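Listed below are the structures to be examined.
Across the two complexes that follow, chain A remains constant while its partner is chain B and subsequently chain C.
This part shows the complex of A and B:
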């Protein structure tokens, strides 16, 4: 991709000029500075990436530029000039006229940004008419043009679609069409591809870059992914705790990062040719032991053997609600096969990666393995016993329950907001462990917290008082509380910052060695899978398209789909 | 959205008292509501001992006296002191309200959570039962229940609980339904919790903050309902002091100028309902751990 060819022209006045911007939030514990003396100069046609982890103030900065800070926030000092207009002193109605017409924003969750009960074409028309870019008579025509511009196939048909009928990537294209409908000069993209699949991410980012280049627009790309920013931006600005720590050209920042924080971020970003230990800061990695080979767990044969596993869901009938209510059942609609006859094995002490994009059936597979849902057919042989014979509803009482555990994707969602960390970790011990007194229970909880590196003083906190990484540790401690043989890890780091992800991945690796567990690691991120897993399975549309040793699959993928997945990972220019 | 975290590593938990103080400071109306509530509780607990006169003793010489230093709220047609009767009536009205709300909180809350969590037949049965109740004008239904079961305080409590049942079911069902597939519920299944246990230990406590708002709103409504039943002659019988009866008795005297007989119990009733309605938000903030940052 050739995206950083034109050096920004600093001779003409910049389109966006932010000087010494500080933003404060009034909270219960006093005033918090979210952004501290940030300077941004963005020339016309330039693409700037703002990179940082959660809490770095990158989103707050962009919200301030758009003047959409929530009520608790205020601009403490500094100036924002956009095309010569002072945005700090401008009235709300003046800013409103600029928003959408001169500067636009696209948000992280495209589905949430669209009105769910209005046709997407109508939503584009609304924007056009609001900003006097179209008359009601020609609005439809222009809306279809806008859909064409974002490369939506069959735009006349999609004009009539509702957001829920479109995929996530398609919704993000609609949001881009909305943002660009009035041909603004500045586009702010706040994590536009987080939550999208890697192939969709590539398509969406390519589209954004192409359109902005075509129209000579300036773009600010806000992301936590240094690789993505470096691949698509001219300049990259790294933020930490509200301050800009480094600004450099995209090609230089990877070659010669100046600030220690940038270096730490770069180290933590999963990439080819490194091990898990390499992700950690140098001093931390040096202090840890090299990962040793796991002691072979006792027992004969594979731990888990899945045979021709199928999960079918009845298809939504197309006859409409009334026809269904009246009893007109669609003539034998084929059920939808979420998982289509997959077979694989997991050896004792092995970690198996399960990779695929959303809708490929990997989550359904893991739910069946966890025995939370019943498979339609097929067998799940666990240590010689067929678990699919036990119905999911009765599995909670089965002796196998404690041998298969799971770490969930969203550490916040998977902890009961009204349980303290200690109570969450103790839950499996109280339900399924051998009876023990409260002192022994507490001791065991503290031991587990020690295993996952959670300081004991955090044990009495509620989830909302813990950081993302700490919550992830609580989730892991709960999963390993009963020394399970198999742990399913459902994208356990997808919601975490890269530096936290690096720590959690290393923790998982060490725990596996120490406790002799097997992992099934469900992920969409091949780079992460490569570092943690021995073998990998690539899934698509409910079926396995490729299976093999991780290094072998990554180095020489056989299936075309695997090659496509690998090619979509953003590669920073090094 | 990313933001610098407001809660530092230290001092993760506030005491309940300082938390309550913060909530009152944030919203003074909550403070007023809590003040009124305290007054109601004092009147209900200590009523018979703090009033200046016997609420039942008639004194025909002093009948129909307007408010004065001796009789703050005046006297009624039998010469009974209205202030004493209003204060003493608090206990009965509060007992009816609290008992009926407690009953419907447990029954309606549980039915609603079960219907939202299990779905299927549980949902259908609970849903149709509450639809049936909703189909009637609620006050008329309460009248019918009391008339059919008999004119006692227990039956007023039951009738008030029944007409509030759908409100609790709806709220609890919707909230339980959202949390049915939440990560922490799945995690609880994995740790070997039975479905009933998940319902009670995982789902129910998380719905509590919203249910508290419902409690406070229906509490006011329950008082109004009890007074309304007494007003039309069902439920509590004279000469027992009760706000609804007192308003009913005083109503006929308004035309002849003796306004105080109906006015003071009416105002007290209004303030009590007002107080509970305002209390809702404060209660929710108080029981929600997420607000304690």
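This part shows the complex of A and C:
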């Protein structure tokens, strides 16, 4: 193949030219093709988004370009040329010289991407010295320069920090500094903002775009978030099951998606002006009933009334790392107020959204409502009874335990790996339900599985044999097993693909209507909250900054912080 | 740091008190009548009860315990009935012999097992990985007295590379002046190369025996820990930054993999002290293990109590050392402490 075969629309040969790339993995069940005939052309200074759900092969493609596939993976066919160098045929030491110097990568979960027991400055020095961009004598100076370039305040101080002393957003800046220290030509960003708060996401993405533009670098942004890709990329490539299904300019892909999969992905992405039903594929949504108004739940007054709830934690005085990570300087002897006197109500059959960024106290609040931890002060009135009077240790034996249940964030980690799906769902029934025979128990489990749309043949599988969406269904079935009045949902869809998230959110809404439950929905995603919740509470630093009807808060936010949150949601150019 | 160490030592006090009580009770409930044993088979009933009264064994248990604690407080561990020496002196003379042997065995083991484990992890599935597994399995499957005898047979009897397995030093030489109690160290401190070589020729065979036995846990733990760390995100970042494999494996991965290895080292050290008993028997090593066994067989309770107490204190010190090493390796541990 003639490598100087210049495509008509480019003057120069592309910086990165991937042709018919196929990657295979040797697994226990034989050889699996993770990537099938992928073509990428990336010009200098261009930004390409690769979008896909888990298993689409988007990360494998980028690892292959960097030649950092693990040993089970192998390039089956195809060619990769980077700046004229054949990366498939190059020796390991030749590719190693390019990595970090000419092409760099930043990763998801920035804290884990850094060596936990080495000072961050030293880690940057390692890369600089490896690529002869610095001598041991001036390495420190240059590392601090690299930290300055990613807008880290007090870089001389941060040079000596360990990753665990820094916030997630700060760690991602360090990873970016590490990747850009040697001024590479190509940056591959693999889900760089997944798991970060929306305002941090915006700051990190803006920084990446600014730095790469300044240096005329090419960027590949790998993400599951079509909105993010469209907002920050010139072109977007959509992948499904190892194949590229569509490549288009970012502005066009939202306006006129060609491939059915792109349309499905687009539909499933939560965005302004749509309902939960709109997230599902057309044919599925049409087959479902329109969500009806919940049946008027019996009982007087609000289901839950929280008054001046406070949770204090003793502050750590030694390291200062935690306090700094939480944004406090000069730690004093005062206890740290994770939740600072909040009051709110949840009506019967209502769903309340609890929104805020990490460290705002939303998880602490939900833990107190679940009575897993004791509040420092304040009252939790549940159906007229003060639950805060019952110590958390004894609450498991209280009759109220049945009536407040929880769905956890990580569908995998929250299931016992040695329990089958049926056993997991039966667990609360066996512990707290009325005694029933094994046949009745099984019948109830199957009924619950039916509620959450889990086919009965999956009931005897173990968590590792279930998909993420199926595990989420098991977690929900378990939570509703005892017909609770209130379910606390702690980011139940954060770990799921958007199309699965769409299904699970609809399921939650239907269940609420059918069973007359109230929800407290803890989330960082305002768009999801808008569709599922009637009312929303925005929290910051342990306090409520805004409260109101979801539509009203989203359309006309009163607090500056809410406006900032809303503005940080990536808006695709439509 | 010093404050942390003192704080950490304070937490060991309850366990030492527990050990004192338990050893005391254990030695009393063991079968066998000390007084009858020492009076001899022909002794009269009266002679036995005289001895019993002399030893204070006719007193009720709480009284005996108080007396024991009172003696402990003054550093008196009682007298051994077999050797007739104060137990403290016996332990002082014998503990360094055991400790030297165990430490050297552990050192040899670490020198072989850690690189083997790292290589096995880096080249997972290669011949070196299989070799690691084979060596480790063989090491634990063979009992120490068997490997000990085998080594004596091969290296002393057949090849003649090692001297007769008769203690720490050929009686031809006189032991070096006691500074640490370790002959290898003391002879070097005294500048006596002859004695150093003589004691080395005596110690290497039993040390290798212990090393073979302790190879397995260290090598396996190093391998497993390295495999986990090599699969972690920051190693991927290091590789994606173009760092050399050597730097990635030794500079980034290994230091992170060390914590479980250090924990294992502590455990291996403590059970090597136990495994010593057999090795000391095979090599006629005048260590503390064979001493304790003798005492136990003769129902000589004072040395047994002294032995268990010495081991407990050693173990506490060892754990303290491990905690300090933890802090040196991992900055996160420093903060939490």
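Heads up, the rule we're going with is that the second predicted complex is superposed on the first by the 550 of 574 C-alpha atoms of A that agree within 3 Å, B and C clash if a C-alpha of one lies under 4 Å from a C-alpha of the other, contacts with A are read in each partner's own complex, and residues count from 1 in each chain.
Here is the rule we use: a residue touches a chain if its C-beta (ideal position, glycine included) is under 8 Å from a C-beta of that chain, and two chains touch if they have at least 3 such contacts.
Keep in mind the model is a prediction, meaning the values are calculated, not measured.
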item: Chain A as common anchor, with chain B and chain C clashing or fitting; value: clash
item: First (chain B), second (chain C), both or neither touched by A:59; value: first
item: Partner chain(s) touched by A:464 [first = chain B, second = chain C, both, neither]; value: first
item: Dominant toucher of chain A (residue count), chain B or chain C; value: B
item: First, second, both or neither for A:68, with chain B first and chain C second; value: second
item: First, second, both or neither for A:402, with chain B first and chain C second; value: first
item: Chain B versus chain C as contact partner of A:126, first or second or both or neither; value: second
item: First (chain B), second (chain C), both or neither touched by A:428; value: first
item: Touched partner set for A:34, first chain B, second chain C, both or neither; value: first
item: Contact footprint of chain B on chain A as seen in their complex; value: 25, 27-29, 32-34, 52, 54-60, 63, 241-242, 370, 372, 393, 396-397, 401-402, 404-406, 408-410, 413-419, 424, 427-428, 431-432, 460-462, 464-465, 467, 475, 478-479, 481
item: Chain A to chain C touching residues, read off their complex; value: 66, 68, 70-71, 96-101, 104-105, 107, 109, 112-118, 126-127, 130-131, 162, 164, 175, 178-179, 318-319, 321
item: Of all residues in chain B, those that touch chain A in their complex; value: 1-8, 12-13, 22, 182-184, 186-195, 202, 205-206, 208, 289-290, 293
item: Contacting residues of chain C [partner chain A, same complex]; value: 124, 231-234, 236-244, 247, 251-252, 255-256, 329-332, 335
